[in-house]
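The same chain A turns up in both complexes below, where it pairs with chain B and then with chain C.
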Partner chain A sequence: MAVAQAAVQAPIVDAIAQAQRAARRDFMLKFSLTWAVIIAALGLVIYATGNADPAFTLEWGPFILAGIGLTIFICVTSITGATILAVLGALGRLSVNPFLNGLASLYVSLVRGTPLIVQIYFIFYALPLMGVVLDPIPAGIIALSFNYGAYMTEIFRAGIQAVPRGQREAAQALGMPEGLIMRRIVLPQATRIVVPAIGNDFVAMIKDSSLVSVVGLQELLWRANTVGRSNQQIIQALLIAALVYWALTIVFSYFQARLEKRLAKGDR
Partner chain B sequence: MELGEIVVEARGIEKFFGSNHVLRGVDLEVRQHETVMLIGRSGSGKTTMLRCLNFLEEPTVGTVRIGDISAKADPLHARSRKHREELRNLRLQAGMVFQDFNLFPHMTVLENCIEAPTRVKGVPKAEAIATAEKYLAKVQLSEKRDEHPARLSGGQKQRVAIARALCMEPKVLMFDEPTSALDPELVGEVLTVMTELAHEGSTMIVVSHEMQFCREAADRVVFMEGGVVVEQGPPDQVLTNPKEEATKHFLRRFLTPDQHAVIEAMAEA
Partner chain C sequence: MLARIKSNGVIRVGTDPNYAPQSFQKADGTFDGFDVEVANEIAKRLGVTVKFETPDFSVVEAGNWADRFDISVGSMTVSEKRKGVLDFTEPYYFTPAQMAVIKDIGITSLDGLAGKKICVGEGTTYYQWLTGTLVLGDGGALAPVPAGAEALTQKTDQDCAQSVKSGRRDADGWLSSSTTVQEAIDKGTPFVTVGDPLFFEPLAVATDKAAPPHAELQAELDRIVKEMHTDGTLSKLSMKWFDKDLTTKQ
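Presenting the complex of A and B:
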């Protein structure tokens, strides 16, 4: 009886698996086709309007690409600085100490409430008036760290609050002091919770780092802008820069997805 | 086992949640080697009472002594450094097992067990590991020492939680509905461990409705209702021959047929 049943089941099980595979293939095909068609159409429009000049790309492309290193350096340094500020900011926002809480809240409110470009100008042009002169690179990194630190403060605060209350109680019941509970129990779990959001911010920062070109940092956008203007090829130069930013975000999104998967594994 | 000196002594515990008077002056004494069960319907205050004993809830009024450490309720200065340090010392005397386990998910089973001994009590790591292995063997989970909690069943998680509490070598073990979050087929393995601990002379306070455990392991049952202790005594006396109307009512109305069967068996024995 059992044997007969298995014999009846096998074909339908295989057929379902086959149909699912076919459906996935079909989906991926149409998905890729959509991308290919739209990108081809955009390329055609650019070519037809006379904005594509292979000679210019060959001549100046490498100069623009040479800005990738600086862009990545600024982003990695700034996201690190922003993360440190965000942890401190979140602890401040959750603190029962009115001074610390007030300081952290003011920081978040002020920085989130003003444009990043104004903050960059302020750090580079206004601070020297007060006697603080910074090179463009540290100025850019400080501006980005402060700006993203404020946004990420709210992310970390939510992450800390998302750690179940029972975790803190279990640690208290074991006699752990509050600093230890935060460092060993709450923050490690909060970090896992906020990794996707931080990755998201990192991708956004790759693009926002272009704003520091206004203080003369020779990163991607500054280079594209400079050679584009001097050769009357501004649109093509910007297109090259845009493609590079896009490629960078795709690469980092890929690593972010892998990191998330790995962190999730430890938990499950 | 012969009962020893009084290890846990709570006096005049009252607790308000807002204007809700949840505990209305509860006294509780637990002797060394004694297993005390707190029973009562939900809202009777039994879990709050347990949480007041190690100040996970700060009582509004009252004092608690565990071992040599005493703490007095001080809700007006609950955040003061001195008071918090006092409570931390009190909590070191008591191990707690929670309804939903509360294992640390980012640590392995072994790391869960040695975290507090090494970092709070300053026990050398090798010694803490040896202690942890002893207690993991006791709850029969030696082979799971390097797993993360997410890979364990509910019953295994709760046994790890018991081992983690034992690793601090507390004077008393407190259980807050330790089997309520478990699938029925996993309840037995946790109760077996708890029964063993009780028979070996651990001092235990258990909030639970597991009548089988009560019959096999409890020395005393404390019945609570409306934030006060209504009746207490040996299990066979309180459960099979209650004196108070409220106890009789509770036993009639709020137990499952299984629980009644256990009590009937007790009555016949």
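Presenting the complex of A and C:
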């Protein structure tokens, strides 16, 4: 009886699955078509302004693209620094120690409350007058780490607080010391919760790294800007830079999606 | 500082990547131009190589470089105000400051610029002349500023020309060195020069007063510049880049 039922149900299930797949294919087709049409239209508009100059791209493209390495280096180093600051900041914000709590809260409030570009200028131009002279690269990395660390502190804090209380209570019942609970039980679970938000911040940082061009760091935007202005090809130069940032973002988002899927395996 | 430079074998020179024909950056990342060649020659005579840094001109002009670079070979005018924060060598060349106006506006004399907007680079002597705060280091005469003329600043002199070339009309005139103005006009920017030169600027190599002790470096730089004058190197470079010898005071 059960076998017969299954035999009848199988083709129906197959048909439903197939219909769903077809609907999804249809959706993706129309979605991609929309992207293609809009991008083509934008490309046409830019071409029509008569400013497209392939010779410029061939000659200066490599120079502009050479900035990608520095941009990626700055981003990776800054996000690492920011993550470390964020974990410390989150622990501080949740601390029962009033001094640590006060310090962390002030850090978050101050750094989230001032523009990133002001912080970059300050670290590069104002600190020397107080005796701290930093080269452009360290200055940029410190500014980005500091800034993003403050925002990520709040994300980590929320992540830590989102770990179910039961976890902590169970660990305490097992007699685990506080530090070990945080390190082995809470933080690993909190990390899984915050990965989407951190990934989001990394994507944002890829773009914010362009602000470091204001202190003369020869990364992607600085090169595009300088080269574009001195050769009267600012549209092309900025387009190249914009496309590269977009490509970096797309590539990173893809890897982030895979990481999230992998981390979520335990849920299924 | 001279000892440090010699032992490192490198002198760090501040330059502008967008100030043709004095200095500009090429597609392979290297620099070229009159100032760049002068810097290379100075380094050669010191027995070291050059590393070019690209700080904003307003940063160089303000002094207090925080030891980020050693000297500036950037066609900087010797002015009284700058002497307060920078040490200058003897001038390596002189340029007239030339006013230019956008072609289709139809202004033919300096008086026609009364009440108009004039584009200048940030921190330049051209800006200082327009705002009445310029005192040349050699006490040279300055032409009077057209009544009510306003300054519009861009990051560099070339930005003024480039924005006009791409179609913007934020200002009616442009004030820069005659060499820069001529280069822009030759490249097809719709400017036309107007009036006689407004003043003549002595341009020199600069070091930061707030830098580590550099009396020896300063003396060496002075000696090298004098040498380059007498042996004709500067005149040759001037002819190459400007088609005229600007190395003597006009």
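One rule holds for everything that comes next: the second predicted complex is superposed on the first by the 250 of 268 C-alpha atoms of A that agree within 3 Å, B and C clash if a C-alpha of one lies under 4 Å from a C-alpha of the other, contacts with A are read in each partner's own complex, and residues count from 1 in each chain.
The rule is simple: a residue touches a chain if its C-beta (ideal position, glycine included) is under 8 Å from a C-beta of that chain, and two chains touch if they have at least 3 such contacts.
Bear in mind the structure is a predicted one, so any value in this text is a computation, not a measurement.
With chain A as the common reference, chain B sits beside chain C without any clash.
Of the two partner chains placed by superposition, A:258 touches none, neither chain B nor chain C. Here the apex is the CA centre of chain A, and the angle it makes with the centres of chain B and chain C after alignment on chain A is 150°, in steps of 10. Residue contacts after overlaying the shared chain place A:24 against neither chain B nor chain C.
In the superposed pair of complexes, A:177 makes contact with chain B only, with no contact to chain C.
In the overlay built on the shared chain, the residue A:66 is in contact with chain C alone; chain B does not reach it.
In the superposed pair of complexes, A:135 makes contact with chain C only, with no contact to chain B.
By the touch criterion defined above, A:112 reaches neither chain B nor chain C.
In the superposition on chain A, contact of A:234 is made with chain C only, not with chain B.
Chain A has more of its residues touched by B than by the other of chain B and chain C.
Between chain B and chain C, the shortest distance over C-alpha atoms in the superposed arrangement works out to 49 Å.
Within the complex, the chain A residues that touch chain B are 96, 164, 166-167, 169-178, 180, 184-185, 188-189, 192, 266-268.
For chain B in complex with chain A, the touching residues are 54, 56, 79, 84, 88-89, 91-92, 94-96, 98, 100, 102-106, 115-116, 119-121, 148, 150, 164-165, 168.
Per the touch definition, chain A reaches chain C in the complex via residues 59-60, 62-63, 66, 125, 128-129, 133, 135, 216, 218, 226-227, 229-230, 232, 234. Against chain A, in their complex, chain C makes its touches with residues 17-18, 20, 24-25, 27-29, 53-56, 59, 64, 66-68, 158-159, 162, 165-166.
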